[in-house]
Amino acid sequence: MIKKGSLLILYSTSDGKKFFVKNEETSFSTHLGIVNITDNLEYGVSIKTHTGNSFIVLRPTLDEIIMKIKRHTQILYPKDIGYILLKLGLRDGDTVVEAGTGSGALTISLAYAVSPSGKVFSYEKRKDFLEKAYKNILLSGFQDNVVLKNSDVYENGFDENSVDAVFLDLKEPETLIEKSYNVLKTGGMLGILVPTTNQVSSVLKRIQDFNFNDIEVSEIMIRKYKLVPERLRPEDTMVGHTGYLLFARKMI
Amino acid sequence: MIKKGSLLILYSTSDGKKFFVKNEETSFSTHLGIVNITDNLEYGVSIKTHTGNSFIVLRPTLDEIIMKIKRHTQILYPKDIGYILLKLGLRDGDTVVEAGTGSGALTISLAYAVSPSGKVFSYEKRKDFLEKAYKNILLSGFQDNVVLKNSDVYENGFDENSVDAVFLDLKEPETLIEKSYNVLKTGGMLGILVPTTNQVSSVLKRIQDFNFNDIEVSEIMIRKYKLVPERLRPEDTMVGHTGYLLFARKMI
Amino acid sequence: MIKKGSLLILYSTSDGKKFFVKNEETSFSTHLGIVNITDNLEYGVSIKTHTGNSFIVLRPTLDEIIMKIKRHTQILYPKDIGYILLKLGLRDGDTVVEAGTGSGALTISLAYAVSPSGKVFSYEKRKDFLEKAYKNILLSGFQDNVVLKNSDVYENGFDENSVDAVFLDLKEPETLIEKSYNVLKTGGMLGILVPTTNQVSSVLKRIQDFNFNDIEVSEIMIRKYKLVPERLRPEDTMVGHTGYLLFARKMI
Amino acid sequence: MIKKGSLLILYSTSDGKKFFVKNEETSFSTHLGIVNITDNLEYGVSIKTHTGNSFIVLRPTLDEIIMKIKRHTQILYPKDIGYILLKLGLRDGDTVVEAGTGSGALTISLAYAVSPSGKVFSYEKRKDFLEKAYKNILLSGFQDNVVLKNSDVYENGFDENSVDAVFLDLKEPETLIEKSYNVLKTGGMLGILVPTTNQVSSVLKRIQDFNFNDIEVSEIMIRKYKLVPERLRPEDTMVGHTGYLLFARKMI
C-alpha cells in the first residue's frame, strides 16, 4: 500500500498528462474528471474518473520527488545527488549525519540510500526551515529513516558517534571539519557541497589538519540534448554551476 | 561478518597505505608484515601483522569496488553510475533487467541499488564474459541480488515481465526497444548507455515508436580539482567522453 | 578619422553609461543631453553635450560590433569566432570565400582578419538577407574588404580560384565540399560550422573523398564567472551549444 | 618571398607527410630525398628532392607556429589565443604591451593581430627566456612587429603610454593593475591569464579599485571529436584546464 501523505503520480492513459498528487487528498480534479483517491491505493493500478477516463497510479522516482518539493533554499540537482550518494557509499542500514537540513532534498536522498533500515540525523538551526523540510520528507515517504534535529551545529555539534557518513551543506563548513571528523567512524566518508571557490580553498586547508584520505574536489556537469534524432544537438542553454563537491574519508 | 570472497580494505594506521584484499585469502603480505585474514572479520576492527603493525579493516565504497574489478569491456565511470541509479529510481525490492553484463560493473551497481531484497537479471551472450563478471560480482558481495543469464537477447529477448527497470549497454540497443518495452511494467524506466551520436539518433528514433514518456538524452561530465587550497585549479586533463545516457519511462 | 556609417561608442565620463551610435547621425540624445556628431570625429576625443556633460568616443571591439548587429539568422558567438579566425590562419592580404552571408557576422570577422589589404567574397542566395548584411558590414567599417555576391552556391559554385580559405555556414555543407576543394589553393583551409551531429557525420564522410589533411572536429565552450572576488563562482547558466566546427586543409 | 628564418612547411605530395623547416637551412633531408631550400622560396611552389619526389611549400597557420615553438613556460592553447585576440579587439596598427614574454607564444599572436603596421612591446625579466623567445618570434616571421624589453615590470613598470591593450601573463598580475591602467589609453583593453582561482579573486578585487568597465572572467574549453563519421563521439580525454581569462576596459 502507498504510504499516507507521500507523493504519487496520476498518469492519464488518454493523453499522457501527469499529475503529482499527495496521497492524503480524498479526490483530485483533472481536465478529464475527478479521481477518487481511496485508502488502499497500490502503484500500478488503474483508476477511473467520474466521467470514465482512466488514470494509472505511478511511483515517482527520487529525481521527481526532489524536483517537486517546496524549496526555500538553493536547488540540489540530480546530477549532484547521484554522485554524492555513490561517493558516500551509503547502504541499507547505514547511519548518516547531515547539516543543515535546508529544504530536505538531500535528506530525502540520503534516507533513500540508507533505507529500509538506516537512519539520517539531519540538523537545522532554523525551526521554520525544519517544518517545511518535514512536509517535504513526508512527500517522499522516507520519514521513518529520518530524525530531524532543531539545533545550531556550529554551537552544539553532533550528538551521534561512529557514523558512516557526514554531509555538510551550509555556509561555513570549514568550521565543522573537526566536529565531523569526531563523529565519523574510521573509514567513514565526509561529503561537502559549497558554491564558491573561496569556500573550497577554506575547506581544503582545514581538512588537511586531520587524518583524512582519498580527498577529492570535483564538479559534475550535465549536458542535455534535444530529442530530434535527425537533427541531434545539445540544448541551447545548460546549467553553468550548482556547486563544488568535496569528499574525504576518515582514516585512523 | 564480512561476506566470504568480497573485497575489503586493509588500511595501515602507520603510513596510510591502502590494500584491497579478497576476503578469502588466509594471509596477506604487506611492507609492514603479514596480516592474517581470519574467518570472522568485521569492518572497523584493527588487526596486527606478525611484526606488530596495525591495519584497520574498511568496507570499500561502491565507487572503489567498481574501480578495482577486472575489466574486459569499456569502463563505466562513477559519474555515470550515480546518475543512472538516480534516474532509474531503483529501491530496495525492485526488479531490474540488464543487457549485456559486460564486466559486471553496472550489474554490481544495480544490485547495490535494489538490495537487500531486490533482484538484477543480467543477460550476456559470451560465456567467458559472464564467468569473469561473476568473479567481479563476488568481490562486491552482492551476488544474492544478481541472476546471471547466458543468452543472446537479440535472439531470445528477456524471460521476466513487469520489471521496474531495464538497462541496455550493448552495441545495437535500438533493436531491443520493443523487447524492453514489453518486459517493463507501466511506469517502469528504460536506461541506455551508448558511446556514439549515431547510436543516440537510432535509439531516439526507435523509442518514438512506443509509448514512452519523460525521455532524456544527456551526458555527465566530471571536472576534478587539484588539492592545493592556495593555488586552486582544475586538473590539467579530464575525461572527455564516456557515453551518452538515454532515459525513458514506459507509459501504457 | 572614423569611417562614415560605422559604429562608435559614446561613453559617459560621469556615470559610465555606453551608447552605440552610427557615425552618420548628426546628433544623439542621451539622458545627459544631446551630443553633436561632427564630421571629423576621432576615437579617444572627448565631446560635450548641450548641457555640458562629457562623453568620450571609443572604437568598438569586433566582439561588440558582432553583438550589436541586427540578426535574422542564428547568432555567432565570440568564443567560436576567435577560434575560427585562428584556425583559418588568415592574415592581412588573404583572400577568403564565405557561404552564406547570413547576417554578416562572420563576414565582418573574416574581413577584420584579412584587413587592411585582403578580401572576403561572401555568397548569399537570399537578396533580403544580403541587404541587411550589407548594413551590418557598414557598421563595422570593413566594407572595403568585402565583396557580397547574390548567388546560389549550391547551383553556381564559387567564381574565385586559389583562395586562402573557404568558410561554409549553411544547411548542407556536405554538398559543397567538392566546390570548396576546387576553389582553395594548395594548403588553403576549409572551415565549416554546423549545429547538429548528423551534419558533422555527413561532412566528415564527404571530406574523406578529397585530399584534405589536418582534419579537426571540435566544439568551443565558454564558462563565465560572477565578478565577486570573495565569492568566486561560475554563472548559474551557460550557453550549452552553438555549433560544431570542422577544419581541414587542402593538400595537393 | 618567404622571410629568412621563418617556419615553412614542406608537404609531400606522395604520402602527405608534413615537415616544419626553418627557412635558413640550405637543405633538408626527408625519407623521400634531400630538398634544397633556395633563397627565393614562395608559398605554394613545388620543389623536387634529389631523387625526384615533389614537396609543396606551405605557410604555417598561427596555430601551427604556436604548437611548434620551443617552450620553457606553460603552454598557451589556440582555444585561448583565439578568444584573447578577439576580446582585445586588436587591429592593424595597434600598440600593445605584454608582460611577461615567456616563450613568446602570445607575443607572436599579438604581433599577428596588429600586423602589418602595429607593435607589441613585450617585457621579460629573465634574459635567458627573452633569448629563447626571440628565436621563436623569428620562426613566426613577425619580428618587425615586436620590441622585446629585458626589464622587471614589477619594479620598473612600462615605458609606453596610451596603448590600445595590455596583456599580463605572469605570477602576480594583481600588483600590476595600476601600472596597466596608467599605460592604457581611454577605451583600451586589459587582458590577464592566470591558472588559479585564488589569482582570479586577487585580480578581480584589485581591478575594482580603478575605473575599468566591461569586466569579464571566463574559461574557454575545447572538446575534440574522433573523425569517424559513422561512430561520431568526442575524444576520450580532453584538456581540463589551461587558465582563467580576465578582460576589462579602461574607462576615462
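Quick notes on this structure:
A, B, C and D label the chains in the order they appear, each numbered from 1.
Everything below uses one rule, namely that a contact is a pair of C-beta atoms (placed from the backbone, for glycine too) under 8 Å apart; a residue touches a chain by one contact, two chains touch by 3 or more.
Values in this document were obtained by computation on a predicted structure and should not be read as measured data.
Chain pairs C-D and B-C differ in how many C-beta pairs are in contact, and the one with more is C-D.
For this pair, chain B with chain D, the centres built from the Cα atoms lie 46 Å apart. Averaged C-alpha coordinates put the centre of chain C at 21 Å from the centre of chain D. Chain B and chain C have Cα centroids separated by 48 Å.
Touching two or more other chains at once are residues 197-198, 200-201, 223-224, 230, 232 of chain B. Taken as a contact graph, with one node per protein chain and an edge wherever two chains touch, the assembly is complete, since every chain touches every other chain.
For chain A in complex with chain B, the residues that touch the partner chain are 9, 11, 13, 16, 18, 43-44, 56, 58-64, 78-79, 81-89, 91-92, 112, 115-116, 185-187, 189, 197, 200-202, 204-205, 208, 211, 213, 215-225, 227-230, 232, 244, 251-252. Put simply, chain D touches chain B in their complex at residues 195-198, 223-224, 230-241. Of all residues in chain D, only 197-198, 200-201 touch chain A in the complex they form.
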